[in-house]
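Next up: some structures, all given as structure tokens.
Paired with chain B in one complex and with chain C in the other, chain A is shared by the two complexes that follow.
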Partner chain A sequence: MTQAPRDIEVLIDLMAKLPGLGPRSARRAVLHLVKKRGALLSPMADAMQTVAATARECVECGNIGTADTCAICSDPKRANGEICVVEDVADLWAMERAQVFQGRYHVLGGTLSALDAVGPDELRIPKLMSRIASDGISEVILALNATIDGQTTVHYIADQLENSGVRMTSLAQGVPIGGELDYLDDGTISAALKARKSL
Partner chain B sequence: MPDLSVQSLTLSHFRSHKVLRLKVDARPVAIFGENGAGKTNILEALSLLSPGRGLRRATAEEIMRRPEQLGWKVHANLNSLGQSETIDTWAEPGHTRQVRINEKSATQVTLGRIVRVLWLVPSMDRLWIEGAEGRRRFLDRMTLSFEPGHADATLTYEKAMRERNRLLKDQVRDPHWYRALEQKMAETGAIIQQNRQAAIDALGQAQEQSETLFPAATLSLQHANDLPILTDSAELLAALSDNRPRDLAAGRTLVGPHRVDLNAIYATKNIAAKECSTGEQKALLVSLILANGRALIQSFGAAPLLLLDEVAAHLDDNRRAALYNEICALGGQAWMTGTEKRLFETLDDRAQYIKISDQGGESTMEMLQ
Partner chain C sequence: MEWRDEGVLLSVRKHGETSVIIDVLTASHGRHAGVVRGGVSRKMTPILQPGSQLDLIWRARLSDHLGSFTVEPIRSRTAGVMNDRLALAGLNAIAALVRFALPEREAHPGLFQGTVTLLDLLSVTDAWPLAYLRWELALLDELGFGLDLSRCAVTGSFDDLAYVSPRTGRAVSQQGAGEWADRLLPLPLCLLGQGDASDREIVDGLSTTGHFLAGQLAHSVGKQLPAARDRLIDLLARQG
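Take a look at the complex of A and B:
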């Protein structure tokens, strides 16, 4: 493969580190940017510089924002006693896009995994416990992924809160809206059947 | 009329097979050829139509044909209970094995619902005298053939146990973390034990209900250190939690289904399998596989695919002829290997024959009429 000039190769290497981009697609993306450097590359570089300077994690919930406390945590209307625990900021953003949840969040940043040396302290679980104790929380919604590690983390948090009097819930699992049964895997179908409701 | 059979099989870059294309009917398949020709490799490919690492317990990496190392693929058309099913399973370099069923991507566990496969390979000749792990694996393979969900339960249990063992090794004390893992282990461990017990019961019944030349084996389960076998999740949860101090000292989990061994007794002689002669030990295995096949006809609706590698070894002429008769009576598609065609003589036209040879590091195939 012919090499691009060194500076551009550096950019390609960085780009290839992004999720979903391999060396080939990174090369294509960079070439595109360089061709559109006035309309795309310069504004993008400016935007990146700004985000790099201002982005930070919310000290309360772990969401990413531009202040120490994120917009959700500083909005008094969101203090409705519900806290939704998610694995990743991406999950929080997905919930927010749906515009249905009125409470606050807590981002763990992963799931418990002894084999990967991820313990409760790495997951901001102590902070979750102190928020639950002091923020007038009445319900904790555990919206973690249905992986084994995700479920272990759910059990872990539930076990700690067992005698706290806080209501604990998890998201229902089952047939996605618009999903065709024929295309679902056995696990999804069996979860959906278990969580069936009367009409 | 057998209801579970391979109709065609294609291997690409699978060990010694650069390309192998087979079309077969529902009869048993006898594969013969010299040592190193590539016979067992074909059975291994068929064993990958079920969940897990197949009959050699190989990694996806090991199976890749060398020196090319381009990845490998197995493509099979099957008839399963009157439905035709297409299975593709493959691995690309550096990736784990993938599965597609009827053109849709699927998990390995799903394979177990379509294809029921059982195998006997020469390394299992020492099954009754070696460690418990091989017997447990044999038991779980039979159990899986009855209950495809067994694979899910086993995967979850083992994952949770590896996590717990790491906590034990690292001397972590957080009781909530242990409890979270022990709950998963108890939930799935109880299912594993119930499935195994059900499989043993089904095998026992199938052995009772049939006259065969192969010796019946009386099976039982035994936990290491003679601890009780727990099939109730609440009891297993309690045992795991009670055992934590001992487990911490040992650095691993000492109770649970992963510590259960399979015992067999040669019924008519009342002799433990490990004290039987080499041929008798083999006959016990064959007997169990056949009983498993008969039981599956009742519960699943068809006999399983049987992969019998070098099955003729250690069997005298009578027993070998009896085995072929029983395989034919079972009505399933048995895939058998041997170094020479004459080992299959008494099967005659009840089987179809494939000759495999090695041509300069590449296996080639010839279908015989």
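Take a look at the complex of A and C:
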């Protein structure tokens, strides 16, 4: 098989390490970029260089930003006393896409997992405690995944905050928007039935 | 190689981008691992939660290969325990202890049945901690470290049993203990099938079973007891 020039092969190898891409799809993507280098490759290279130089974790919440403190943590309008605890930056970005939460966030960086030896010290739980103590927080919304590990973490944090005096809430569980009962697993149906509401 | 069996999911570990390796406790094939292709999908994630009861088909070219599972849900236990911190801690402790204690691919049909019953109790009754304590006794028994609580090892008496010898695992009566009482493990009445099985008694019972789990079992497998068990005991102690 004819090999691409070495520099391009290096790029293909790097692209193949991205999630969702394998060697073959990376080759196709790189070929596409090379063909459109003016419109795509050069701006992408510039953008990547900029991000590589500026991207960093927010020292407060763990969000990814381009300054030591991210835009959400430095916005005074978002200091409304509510803090939403999420597992990962992707979850924070999903919440922000919905544009329904006006408070601040805290990214844990994972969930407690005995299997992977992830304990409280491996997560950003101590930092969460110090933020709650110092930032005048009145409500902690635990927006963690509805999985066994996620809910174990929810209960652990709730235990830690038991005597802190802050209100603790978690996201509701049940039928998703557009969901059809026939396609739901029995656990979701059971959770939805338990959390039914009066009309 | 192919077999079909029913099992309880113990753990899930990501494997590559789209697959997972699951560890299950099955009725006829014991604790068994295998790959589930597409296990991280939105359809599969709710099914592949620890504690779920699954219908499993395992296939591999050779019997000692890891192999892959085809999984069908029988029933999920996630929703039943998710909002109950003690039940959730119980489920985590059961799954962790089975993974810790049982060797792979060795059938323990009695223990499997006991584990399924215990998992079912978690969301049904608040009395499950006593069943959990009895399940730990059964686990020790199954692995050859069973306790003999039938009579006093010193006097032979059937009455007044109050302690367990930390070395032999045999019951000792109040009279037989004499001045050695402070060196013996507690034998709460609930371990003898008597009394009201308060949380305090159950914690005492778990400290006794924990001594043998840590001293005999953990020593023989060269690992520490899972932290999930400590968390359950901590919650029970605070509740009591």
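Everything below uses one rule, namely that the second predicted complex is superposed on the first by the 197 of 199 C-alpha atoms of A that agree within 3 Å, B and C clash if a C-alpha of one lies under 4 Å from a C-alpha of the other, contacts with A are read in each partner's own complex, and residues count from 1 in each chain.
We take it that a residue touches a chain if its C-beta (ideal position, glycine included) is under 8 Å from a C-beta of that chain, and two chains touch if they have at least 3 such contacts.
Just so it is clear, the model here is predicted, and its values are computed rather than measured.
Engineer: Based on the shared chain A superposition, would you classify chain B and chain C as clashing or fitting together?
Structural biologist: On the superposed model, which is not a single observed complex, chain B and chain C clash.
Engineer: Is A:Asn63 touching anything from chain B or chain C once the two structures are fitted on A? First, second, both or neither.
Structural biologist: Neither chain B nor chain C is touched by A:Asn63.
Engineer: So, does A:Thr111 touch the first partner chain B, the second partner chain C, both, or neither?
Structural biologist: In the superposed model, A:Thr111 contacts neither chain B nor chain C.
Engineer: For A:Pro19, using the defined touch cut-off, is the partner it touches chain B, chain C, both, or neither? Pick first, second, both or neither.
Structural biologist: A:Pro19 sits against chain C, while chain B stays out of touch.
Engineer: Contacts for A:His155 in the overlay, against chain B (first) and chain C (second): which applies, first, second, both or neither?
Structural biologist: The answer is both, since A:His155 touches chain B and chain C.
Engineer: Report for A:Pro120: first if it touches chain B alone, second if chain C alone, otherwise both or neither.
Structural biologist: In the superposed model, A:Pro120 contacts chain B only, not chain C.
Engineer: Identify the partner contact of A:Asp185: answer first if only chain B is touched, second if only chain C is, both if each is, neither if none is.
Structural biologist: Both partners, chain B and chain C.
Engineer: Choose the clashing stretch of chain B with respect to chain C from the list 24-32, 78-86, 114-122 or 186-194.
Structural biologist: That would be 186-194, the one stretch with clashes.
Engineer: Do chain B and chain C touch any of the same residues on chain A, and if so, which?
Structural biologist: Chain A residues touching both partners: 114-115, 119, 148, 151-152, 155-156, 159, 185-187.
Engineer: Quick check: in the complex, which residue numbers of chain A touch chain B?
Structural biologist: Residues 112-115, 119-120, 148-149, 151-156, 159-160, 183, 185-187.
Engineer: Given the complex with chain A, which residues does chain C contribute to the contact?
Structural biologist: 11, 13, 17, 45-47, 49-51, 73, 75-80, 82-83, 85, 88-89, 91-92, 96, 99, 226-228, 231
Engineer: Write out the stretch or stretches of chain A touching chain C in their complex.
Structural biologist: Touching chain C from chain A are residues 19-20, 114-116, 119, 146-148, 151-152, 155-156, 158-159, 173, 185-188, 190-191, 194.
Engineer: State the interface residues of chain B toward chain A in the complex, per the touch definition above.
Structural biologist: Residues 104, 106-107, 109-110, 113, 152, 156, 159-160, 162-164, 166-167, 170, 172, 174, 176-177, 179-181, 183-184.
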